[in-house]
Every structure is written in C-alpha cells, then in structure tokens.
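Quick one: structure below, then a few questions.
As written, the chain order gives the labels A, B, C, D and E, with residue 1 at the start of each chain.
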C-alpha cells in the first residue's frame, strides 16, 4: 500500500505551509511593520534549509515512489534554499526602492521554491510536470511584478506565453514516454527498458520533446530566446532568482531524467546534446559580447553558462563517466549560483528607478569609489570566466574533465574557446569599473552587501578548499544510477 | 475497434496545429488558445495510450493537466488583462520593446 | 469500413476543421467558439476510449469553465481585432515546420501498430469516476496536493496582477 | 613540519601577509603603503634565500617538497605540491629579487591609487612564484592563470594611453593559449591518474601520436607567453602601455613563465614529441631572433624598441632549450635570468627618464650622456649586457645557447645557430642605435623642452641608483663568474637530458 | 691569493693576472675617487696602472727568459663548465703572449703619458673639461681588455678581450660623441663609433662561428687541446678546417681592418689622437695578426686557408695604400697607411711567416704610434696657432663662436712650413716616416723586408703586390712630409703654430728611438734572429730567412724613388693656398676614387645599410605592425571574434562600448549584423519559431538517423 510519509518532502511541506501562513499573517501585520515579511519568509526558508541539511545521506522514497529523497535531491534542495534566501536578501531593499512592495512577493517566491524542490525530488513524470508548473507560474507572476511598468509586464507575458508553449512540448513528450513504457514512474521506465517492453523509438521522441521543454527552462540554444528579454524586463531580484533557481531546477529535472531514466537513449540523444551544448556555449557567448546593458549581458552569459553545464549531459549514457559528469554539473551549478547571485546583488545595488544604472558604462569608477564592491564584482567575473582564484575555475576544470573523460575532446575545445570569448565581455565590466572614470552611486544596504560579500568570499574560499564540495557533489549522484 | 494509432496520429495533427497557431497568430488570446490546443492534443494522446495499456494512469494524468491548464489560464489571462490595461493591445508583436 | 471508423473519421475531420477554424478566424470570439467545438469532439473521443470521467471533465472544465473564462476576457477587452496577416515572413517557415512536425509524429505513430494495434476491451469499470477517484486519492495523493497548491498560486497570481490598488 | 613554515610555501604566500597589512592601511598613507610593500617583498626575498640555502645543488631531484593531498575526492587526485629543483631555483630567486626592485622603482612613478597598485603587485608575486614552484598541474594552472589578473590590472589602471586595449589584449592572448593547455592537463590527469608532474614524468608511456597533440596544446600556452614569433603581437602593446614596474616584471618574470613551461612540462612530459618538434621550434626561434632584432631597430619609441628586443632574446632562449643538450638548456636557463636582469634594467632605466621627460620618442633625445653621466653609464652597461658583450651576463647565455644549438642533434643542422648568430650582430645594431640616439650626438630637443618647464634633467638619485645596483652586480657577476649559476642547474639538466636520450633511442 | 704563490718557482708567472688587474684597479680608482683628483692625478693613476702592467710583462718576459721559453698557464678561476665544455679564466704566459703584452703595455704606457698632456689641451679646445677623467678610464679599460686578449689561454677568453677592445674602441672613437672632428655639434663622431663597433661585430660573428666549429669538431676552446686535435680533424674533415679558418678570417678582417671590413678604421680617427695611435695603429688592430699567429697550428693545416689569408692581406695593403695617396687629412693618411701595413702583416702571417708578421707588428707599433702622436702634436700646434689667431683678432672664445670658416687643424692643406715652427715634431716625424717607408736602417726596413723576402720565396704574386704597396707607402709619406712641413704656411694658424710641450714630445722621443732601433730585435743575420728564436718556443721551429740583397735593395730603391717622385710633385713646387692636388689632373677619375676611398662606404651604405634599414622599417611597419599587429591579430582574430558576436545581434551595438578592438571591421560587420538583426527581434512568435526549429531539427535527426 502507498505510504504517505511526508518526511522525505518535509522541507517542501514546511515551505508551502509557511507560505500559506505568511499570506494569512500579512493581513494581521500593521502597515508600518510589513518589513517583517521578508524576515519571516527567510526564517521559513532557514527552517526548511535546516531540515534539508539534516536530511543529508538519506535515501528514502514516499508517496508510492513519486517523491524520493536522495543525495541528489538533497543537494538541489540546499542549493534552491540558498538561492531563495539570497533572493530575499537582494529583494527587500529593491522592492522598497522601486516602490513595488507587494507582500505576496515573498510567499510567491517560497511557493516557486517549493516547486523547484519538488522538481529535484520527483520520481514520477507527473510530479515533474506539476513541479514544473508550480515553479513556473509564480515566476510568470513575479516577472510581471513591477506592473504597471511596461517592460516588466512585457517580460511577464513573454515568459508566460513561451513558457506555456514549451510546457506543451514537455507534456507531449511525457505522453510519448508514457506511451512507450506504459508508466510515468522513472523507475518504471527503467524497468520497462530493462524488461524489453519499452518502445524505444517512442521513448526517444518523448525524451527529445521533454529535452526541448527543459531546454527552454535552462535557456539552451535554440530555446533560449526568451531569456534576455525576460531577464531584462523582470524586476532584478526576480531575474536573479530565475537565473539561479529556475535554471538549476531545469537541470535537476534533466539530470534526473536523463541520467536515471534515459541512459538507454544515449545512442540517439548524445549527438543532439552535443550540438545543443556547443550551440549554447557559442551563441550565448557570442551575443553577450555586444551587449551594453548589464542585465542583457548577464542574460546571455547565463545562456552560455547553461551551455557549459549541458556539456556534462553529453556523456550521460556512458556509465563509467556519467557519475563524474553529473557530479561536475552539480558542482558547476553551485559555483554558478554563488557567482550569479553575487553579480545580481551588485547590479541591484547600482540599479536606479526607471531602468537607470543598468548600462555597463554606469559601472565606471566603481573600482576607485567602492573598492570592496568592485573587488567582489571582479571575483564574480573571474569566476564566470573560469579564472583563479575562484570556484568557477575549479568548476570548469571539473566539467572539462568530465567531457574529456567521456571522450568528447572536440566539445571541450569548443568549451575552452568559448570561455575565451566570454573573458572578453566579463573583462569589459572589470575594465569599466577600474579603468574608466565615473561617479557611480550604488545603494549601500546591508543585505545586499551581505549577499555580494558572502558569495564573493565563498567563491574564493571554496576554490581553495573545494574538497568537501566535490565530495558532496560526488555523493549526491551516487544513488542516481 | 479503431486502432489506437489513429488517435495518436490525430493527436499529432492537433498538436502541430496548436503549434502553428502560436506561430501565426498575433492576438495574445488566440496564441494562448493555441497552446490550450496543444495541451489538449497531449491529453488525447494520454487517453489513447491509457486505453492501449488498459491503465488508468494516463487518464489521471489528463485530469492533472486540466487542473494545470486551469491554473495557467487564470494567470495567463490576468497577465493579458494587465498588459491590455497599460498598453491597450493584445497584439503580441507590439510587445517587443525588449530586444537585442 | 466499420461504423466506428466512420464515426472516428468524421469526428476527426471536425476536430481538425475546428482547430483550423480557430487558427484562421479573424475574430477571437470565433476562435474561442471553434476551440470549444474542438474540445467537445475530443471529449467524444475520450468516451470512445473508455474514459468517461475524463470526457465529462473535459466538457465541464475545459469546454465549460476555461473557455467561458476566455470568452469573458475577450469581451472584457472589447473583442479587439488583431489582423490575421498571413502574408508575413514567418508564415511559410512556420507552416513548413508545423507540417514537418506533424509528419514526423504521424510517421512514428502510424508505425506503432505493433504496440497500438487491437487492444482487449477493459473491464467495465475502467475509467469510471470511482476508479479514477480511488487512484487519485491513494496512488496520486502527492500530485493531487501539488495541484491544490498550484491552484492557490494561480489564484494569488491572478489577484495580484489584476488588482490595482489605489495609488499603485 | 607545519604547513605554513615550509620554505617554499612561505616564499610563495608570504606576500599575502603584506597584502593583508595593506588592506588595513588608509589609501592616503602612501609612504606607509610603499614601505610595507617593499619590506614585504624584501622579506619574501629573504625567505627565498633561506630556501636557497637549504637547497642542495648536487641533487637533481625536486627538493624542499611541500606535498599534501588537496582534492582527492570524487576521483580527483590533486595535490598541493610545491618543489624546487635546478630548473626552477634561479627563476624563483629572480622573481623574489626583481619584485622589490620593481617596487622601489615605483616610489615616485606611481602616485595614483598606490594601495591598489601594491596589492596587485604583491598578488602578482604570489602567482609568479607559485608558477615556478608548483609541481602539480592543477596547482600550476591556477597560479598560471592567476598571474594574469593582477598584471591585467597593473596595465589597465596604471598604463599609458592605450592601456585598456593593451590590458585586454594581454589577457585574451594569454588566456587563449592557456585554455588549450587546460584540456591537455585534464587529459593527462584523467588518463594517467595524477596531476603531479614528477609522477607523470616517471610514468611516461604516452603514445607518440597523442604526445604531439598534448605537446601542441602546451606549446600554444607557452609560446604565446614567451612570446614566440609569430604570436608576439600582444607584447609591444602590453609593454608600451604597462607602467614601468609592470614592464619590468612582465619582461623579467612573466615571459620566463613561458620558457620555463617548455622546460618543466613540454620537454620532460613529451620527450618524443619534443624531439620531433625541435627543428620547427628552432626555426621559429631563429625567425624570432632576426625578426625581433630588425623590428626593434626600426622603432621610434624606446620602450617599444626594448619590447621587441625581448622577442629576439627569447628566441635565443627557445633555440637553446630545443637544442635539447646540456649546453643549450643550461644556456637557455641562464639566458632567462639574464634577460630578466638586463631587460628589466632597461625598462627601469627607460622609466626613470620617462618620469622626467614624459616622452619616449627617440628623436627628441640625444646627447644626454653629458647631462646625466651616471644614468648614461648605467644604460651603457645594461645595453652592452643586453647585446651580449663578453664579460657581461648576456654573452655567457647567448654563447652557450648558440654553441649548444650549433651541434644539437635534435635540431639537426648548424644553420639554425649560424643564422641566429647574425642576431648577435643585429643586437649590436639596435642597441647601439638606441644608445646613440639617446646619449650621444648633440643635445636633443627634450633638453630644452624640460628646461622650458623650469626644470633641468637630473641624474639618477640615490634611490634610483640603489634600485639599479643589485642588477648591475648580477650583470657583472654572471658575466665574469657564471659557474655557480651553472652548478645549480647542471644536475637537473643532466637528468633531463638523460631522459631525452632514452626517448631518442626509443624514437629510433 | 695570487701573490702568495708567486715564489714557488722563484719566478713571476703567477703574477700574470695582474697585467689585467692593474689597469682594472686603475680605472676603478679613477671612477671612484677620480672626481676629487686633479688632471695630473688622474693621468698619473692611469699611467701608473699601465706602467705596472708593463713591469709585470717585463717580469714575465724575464721569467720566460730564465725558463728558456717554457711558458706556464695561470688559472684564476673556472668560468663555464657544462658537460664537456670547460672554459677557464686562465692566463697563458708564453713568448708570443708576452711579446704582445710588452708591446701593448709599453706603447700603452708611453701613450698614457703623452695623453696626460694632450688631453689637457684637447678638453680645453673642445670646451668640456669634465671629460678628462672619462678618457683615462676608457684608456685603462682598453689596456685591460687588450691584455685579456693577448694572454687568454683559450679562444673564448681571447674573444672576451677581442670584444672588450672593440668596446673601448667604440667608447674612445665616440669620445667626443656630441660633435664632429672639427668640434661642431654633430652625430658624426658617434656614427663613427657605432660603425666601428658594428663592423667589428660582423667580424665577431665570424669568430663565433669559427668557435662553434672548433668546439664541435675539436672538443675544446683551449689552445693546446685544439691544436692537438686539429691534425686529426684536418685528416677527417679538411673542409671543416677551411671553413673554420675562413670564418676566423672574417673576425681578423673586422678587427684588423682588412678587406672587406676595413671601412671603420679611417672613421675611427674621430677619436682623440692618442687613441688613434694606441688602439687604431699600434695595438688593437693588430689583434687579428695575433689571432692568426696564435692559430698557426690550424692555419698550417690548410694551404687554401693560408692562400686566402695572404691574398686578402696583400690586396688590402695595396688598396689602402692607393687610397692613402688621395687623402688630405693628416690622420686619415696615417689611418690608411695603418690598414695597408696591417695588410702586410696579415699577408705575412698568412704565408706562415709568423715571425715576420710579428716583427712587423712590433716595429709598426713603434713607428706608427710615433707618427700618430706626432701628427697629434702637429694638430695641437695648429690649434694653438688658431687660438692665438683668434685672440689676435680679439675674438674671445674662437672655437666656440660660429665662425664663417670652420678651421680644420688636421687638414694638410691648411699646413705647410711647419718645420720651422715645430722643429722637434718635424724631426720626430721624419724618423717615423723613414721607418714606415722602409729606409735602411730604420726599424720598418728590417721587418718589411723580411715579409717581402718570404713572399718572394713562396707567393710571387703577393711579393709584387706588396712591393707596389711599399712603393706607394713611401710616396704618400713623402707627400705628407712635403705638404706638412715644407713650403709655406697656407693658413694663418699654421704660421702661428707652436711647438708642443715636453710632456708630449718626450714620449715621442722614446718612440722615435724605438723606431730607429727596433730593427735590432730580429736582424736577418746568422746568430741574430732573436725574435724568431724567442717565438719559436711557442710557434715551433720556423724557417728563419737570411738577408737577401736583391729583395732588400729593390725595395729600398723603390722607396727612395717614391720619395723622389713625391718631391718632384709636392716638394719642388709646394702647394699654394687653395691649389688642388697636382695629381688630380693627370690621374683624373682615379684620383677622385682615391680621394673618396673608391666609394666603398657609399657602396656599403647603398648595398647593405640602407637595405637593412629599409628591410627593418618594412618589417616593423608593414609586416609586424600593419600585417601582424593591426591586420592579422586585431582585424582577423579580434575582428572575427567580434564579427561572430555581431552576427547574432539585432541592434547594432554601440561601438564605443567595445573599445578600439573593433577598429577596422566596422562597415562589414554592420552590414552583416543589420541583415541578421531580426533574430533577436523581441517578437514572441519568432522566438517560438526558433523553438520549433530546434524541435524539428532534433526530431528530424531522430527520424532520419
């Protein structure tokens, strides 16, 4: 009989319950005291994070095998919760400054977060689909959160239409997977394949269509085109949250699906992934070079970063390498999340009302006036480029190792060459900060400073002692296969 | 009985038409309807497969998809309403201030 | 040709035609109505496929609630006419690609006779509300709860986006 | 031994202590900042000398090893592994030696953002020392890439008018090379199961056809850094725009990282490939020698002239190294040091006059020897050293290199060395040209110009002389009595050559 | 360390390094404390340093005399040790090196003394007293380098000295680096200095290559080891010996101003006169001769090499003598004469007549130093005269005012009749001239005769060339005497010229004595041949020729005849002011060629220097900068980099944001990017289209695969 143990999904439950409670509580908080909301939300997340951390090493499943708790899920849950906390840290001041304080914001973030976490814990395609929607729908709303600002609304509508469009593909893909294996459970798929009852052709087509859907979520070329527009239009903290959390969630789903359910398709899909990864790296980096708006630049950069992570998928069918490659993707995602949030925190610090302060040129003089902030930004840029002494280098090292190990040196060459391209535009920010004269006036706010400070220090320190992180990532994938 | 593959072919055609609608129409509402058509086509496939396997899972899936569709519609329509209020248009091609 | 097949073909043609009508109608209201028609035909297919509960839901939720909401919004927005404009650069590639997609899917499905050939009739209770309900509340407990949250989210979202606070 | 008290670890990371102190100083306290930086670099030099005294020259192997497992999880086998042997000991000392000199040279030259400058400078020292000491490929790569960052800032913030262009170009070119090396490193790490260089060398056994590719990947990284013709295009930009201290370090140490890389990695790791590539590299080196000399001669800007001379000089280093015999390699190592001293000194000198005149156009100079005799004399000595006058350091290196290359079996033809020897003539041509245009002949327009601004050209002051003096001492020392330097490297080089000979037998 | 070992054998061999250390100490002293000393003090330190070196040389000579020519090698330090390469700082004391040491330090010391007085005046005429100290530093540096050259125990140490003297030559030629020979602001002197250095470097290139061959075929640079290995190599690879000697000859040609590298020496007269005497006549330029002599065991192995060397020498002798005839500058005549005489020596050593060559080297050092210094005395005399003249006119600082007419105190056309005003110098000059012309019994007669005799026996064509050169030598010297000392003063300065002080003339007298008596060193009579026997200890058994009346008589006859002819042309009717050279008319363009050194400089400039200049500029500006830097690296590499990115742009991005990296690709990029701008158009539907493209591509791949 089905068991309904909620322990495996306890952090999610806490988060959802907390979000609902928060919606109620908001009504009872006096008008002048609403500043408590983000704090309360953060506490909820922290509690969830605590439980999530406590769940390390567990290997459980519940709800009839629809939700699992394994190292992989735990890794992602922690990552998501960190993203959520950082998102709140960067939001508070921004919302007040741009006068879009609507208190539903924090519950929505939490609910989206719960969708992400479910995504990483999903062991059944139906849960995958629902989690996808649960994480996406709040994001559609959040993107348009700065309404009636036109760009924000536009971003919301674009994101929504294209998101729904792509979830249509996911759904159709799931339908085909179901058709091929007569089950929606991931372990069922594996069993069906092993038992020879699966229709491999249909399975391949289904997997390809889900790949399209999630490729959209992680902004893989050619499904990436919404990214810059939405990133630019959405309120910057939402962009930050999206670019870290939603992307990671997309990868969580892809990794779980491909690594645990679809290895049999590697013959068919490896070339596809190869091309996707190469295109993503190349086009993301190439277009980023020409951007002058930092949000767009970072959007393209995030596309490019997805390309690097996608590289780790390419050897997914090779059991000897897949572990390493998935672990490297996890590791890199972690590094990316840290650097990414740091960057966005600084972008938020410099952003002014009416989309002012978002040109790269607005960063001129930062190095002289605000050395710590500029130094942190430099660390993030170096990390994204893959230069020492940052986690980005270690992450790339790991990724490229996986790719070479998997026997795709050509892809690795494309990877390194495109990182060279990326150096150009990341450096431009550094150049502007340090080598041009200007008078930037960033907001000096504690939580923002905390965010970029914390992420910058972590990025450097973890790069020097990455062993535990390596270990964590490696442990996380052990039970995936 | 009709071979289930007929239903599947039909579902494929409907899905493609939904896609085509998204690509061709400029009215955001119609675009959205086309997406619903795509979901519907997927549902048809689910039910057809469920019949194939004589399994309920596929049907249940459809049930959830409908719920999701409802949720999407609620949010989507309110987004469209919101943007209509500020721009007075539902033409998606006019939503192109963000580009490059 | 069995009568069943004839029914199927006719219904299929109706479904395709109504879908085409939706795409091609100049007026959004017509599109919506065509879509309702399409949904209804699909509901009939569900019945044919031994899914009565789903068929009913389709009529009630989809063709009913959802499409009414659409119509409602269309009316609210003044039934604005957005020209169809088939003579745009995107038309030809879009049509070709959609054909390619349909063709690819069709080829695969048509070739699936081995799996999707004649299927034994299921038991009578297959697909009836009770069976579905049991599945839903036991096996599918978790998804069911998720959808609840999902609907909540949608509700919050809809409220936030459409509520214009004074001075906001 | 305690992790931080090992000589090599301490040598590498001690500048960070200075950085830490600097961070707590107010940026207005320029004098305190300068002294802190100087003292830090001097202490670092002292520590490196301590390490040097513990170094046993007769031992060909790595010494003073600091070896710890660093990342050994998840299938990684990365070590924190520092070590020094005859190939690197001199370069480490050169680095710690040149840094205080370069810092001293900034005393009055850098007035803007002194704190940032010193922080970057000390960070740069960490990176450079690390490059020469790291024995684990991963660690090496980190240090290698890390050096780019502070140098990039040094050029980009304190450089000349086109500094940003030069900085970006410097960064991108160097990175372009090194990322291919990254892949090669990964290949080695994966297939051989370790990143530790000594272990990799001992294992050997990389198939020749793969060796070539790995060799090329490493070569890309190092050849750009050296820079070998025709990959030198970043060099004049970087040098001309860099601040004086930056140029000194760039020419003195950073370029050596390229040549050192060949020596430490390319040759021992891929001996068969090295043997095959030797004639081709020699060819490029010879082209570089002649080409660099010719281009140098045609420059109107002193700094550019000196910059291009590096292309020529490092051509000699490459030629010697790929002679793959003890003569050539030892000469090449010594020439690395020589070039660091001489070209470093040249850049210092050019910077010193630039500080007063704010121009580097040769045509406005002339007749300065009469006005600034000490400066002129030092410049003469350094120029002579750079053109390889016997009795000064440059000659010993160039001579042994040419001698080695002339009879090298790996290169296979004396023609390379013969042509390269023409570079010796051409070096005299451009160096004397420079010296003449600056110091001889009638007084140039700059003399009046400076007077016009109410000053007079002054000769070197005490600080500047102190800056130059250590360099001059070594210029003479190495020229007259290079034996102690050769003794340091001989065992290690002999070991390397012995391994090469084994490989050569295998090839045949 | 060194002195303590000197007494082991009761001899002085271990003092050998001090021949270098003394001058080095001298120059260091002058650098460090010279600023506080008077001019005399500075000069004294330098002269004493050189003098001490001479004393040491003499002691070494004595030691050799005691040991009957058995030399020793004194090791100072190991220098370079790599594998089989073993180079030492080691001094070789044998009869050959000690002979050279004596000449160098002897003549050197005299010239130091002379320079104390000469430079005292020179720096005042040139109005830069501060440079006095520098001169003696350089001069000591030269002595040190030259000593290393002649005393090194291996080729590389020789090379150190070889380049060291080149350096000091560069410094001294360019001593008045900010003016020309007439004291006008100019690049001329520094150009001359540079020319000398670079030409020498060309020679050094040959030396280096010879060295490489030596090491790889004979395994060493050490003299004895090389000579021991040479015969076997000659047997196995005769071509290597030939190549080595030829490359070495290039070095010789550079240092000893032989064809084709002689061009620097005439210009080297830009240096102060003592420099011309010491470096560019007596000592440094003979280094080539020394090198060949030192390498005798190698040259002896190859007849071809010897033939080439001797021919080059002979040709140089004649060619330079021809040019000397057409010169007007008193020092230039002597410079070409030096080249010519060096030709004699090179020819001699080329023939294997090493003793004759060395003999001529020594005597030439005496009389050519004498001639140069006397010429210097003449020049100073004229400058003094010019000075008086200016004072007489009331002008205060004559050589500094911008006179319309620039007075050239070295131009023989400004002289005339000096025998009356400068009698001492006149007589000294006559002695030098007779010695050079080879009139019996002056030193030059004996040494030149020995060369001619040897040539007449082995290389008849060389004999005739050299005889012709000897004839011309006597002729141009006669021409000089008549023009300078006889006739009437053709310039007021010459009329007012004054005799030089004793500090200048006394060293000259010493040299004059040596020029007269120097022949006694190696009289060609049985029982004499002292130099020959002395050198035999080092060079092995020599063919010591007797006296041949025929050859000697003929050459004396020619010399006298030449002087007679010169009297006929220049003495009988002395030149008048402004008169052109009487030879110009009868000889026509040949004389023009002589005057202009047969356009050799111009040819070099046109064929090599300008071409290198063009090539360098072309390489730098076009190939390196325009092609590699701007085009290939910036436009192609950086440009394609940006092009790639622009291609995917909608909006043509702001150029300013992209820095200068994009220069040069603008228009093309813009075109392409505008065409493709719609890709990121902001239109939801086209984004969806791209999604579909991706889907169809993937499905198509799965379907068709």
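Assume contacts are C-beta pairs under 8 Å (C-beta built on N, C-alpha and C of every residue); 3 or more make two chains touch, one makes a residue touch a chain.
Just so you know, these numbers come straight off a predicted model, no measurement behind them.
Between subunit A and subunit E, the least number of touching-chain steps is 1.
The chains in contact with subunit A as well as with subunit D are E.
Chain pairs C-E and A-C differ in how many C-beta pairs are in contact, and the one with more is A-C. Comparing the centres of all chains, each the average of its CA atoms, the largest separation from subunit E belongs to C. Comparing chain C-alpha centroids with the centroid of the full set of protein C-alpha atoms picks out D as the closest. Computed from the mean C-alpha positions, the centre of subunit B lies at a distance of 6 Å from the centre of subunit C.
Chain centres here are Cα means. That of subunit A falls 26 Å from that of subunit B.
Note on chain placement: the centre of subunit D and the centre of subunit E lie 35 Å apart, centres being C-alpha means. Rounded to whole angstrom units, the spacing between the C-alpha centres of subunit B and subunit E is 95.
Listed for subunit B are residues 8, 15, 18-19, 22-26, 31-32, 48, 52, 57, 60, 64, 68, 71-72, 75, 79-80, 82, 85, 92, 95, 97-100, each touching two or more other chains. Subunit A has residues 126, 130, 133, 137, 140-141, 144, 147-148, 156-158, 161, 165, 179, 205, 228-229, 291, 424, 428, 431 in contact with two or more other chains. For subunit E, residues that reach two or more other chains under the stated contact definition are 649, 653, 659, 680, 682, 684-686, 688-689, 692-693, 695, 699.
Judged by the touch criterion defined above, the protein chains form a pattern that is neither an open path, a ring nor a star, and not fully connected either.
Every pair of chains in contact is given here: A-B, A-C, A-D, A-E, B-C, B-E, C-E, D-E.
Taken in their complex, subunit B has these residues touching subunit E: 19, 22-26, 31, 92-93, 95-100.
Within the complex, the subunit D residues that touch subunit E are 162, 164-165, 168-169, 172, 230, 232-234, 236-237, 291, 294-299, 308, 325-327, 330-331, 367, 369-370, 384, 389-391, 395-396, 399-400, 402-403, 406-407, 414, 417-418, 421-422, 424-425, 428-429, 432-433, 436, 439-443, 480-483, 486-487, 490, 494.
Contacts from subunit E toward subunit B in the complex involve residues 649-651, 653, 680-685, 688-689, 692. In the complex of the two chains, the subunit A residues touching subunit E come out as 157-158, 161-162, 165-166, 169, 204-205, 208-209, 211-212, 215-216, 221-223, 225-226, 228-229, 268, 271-272, 282-283, 285-292, 360-361, 421, 424, 428, 431. Against subunit A, in their complex, subunit D makes its touches with residues 70-76, 113, 116, 138, 141-143, 145-146, 148-149, 152-153, 156-157, 163-164, 167-168, 171-172, 175-176, 179-180, 182-183, 186-187, 189-190.
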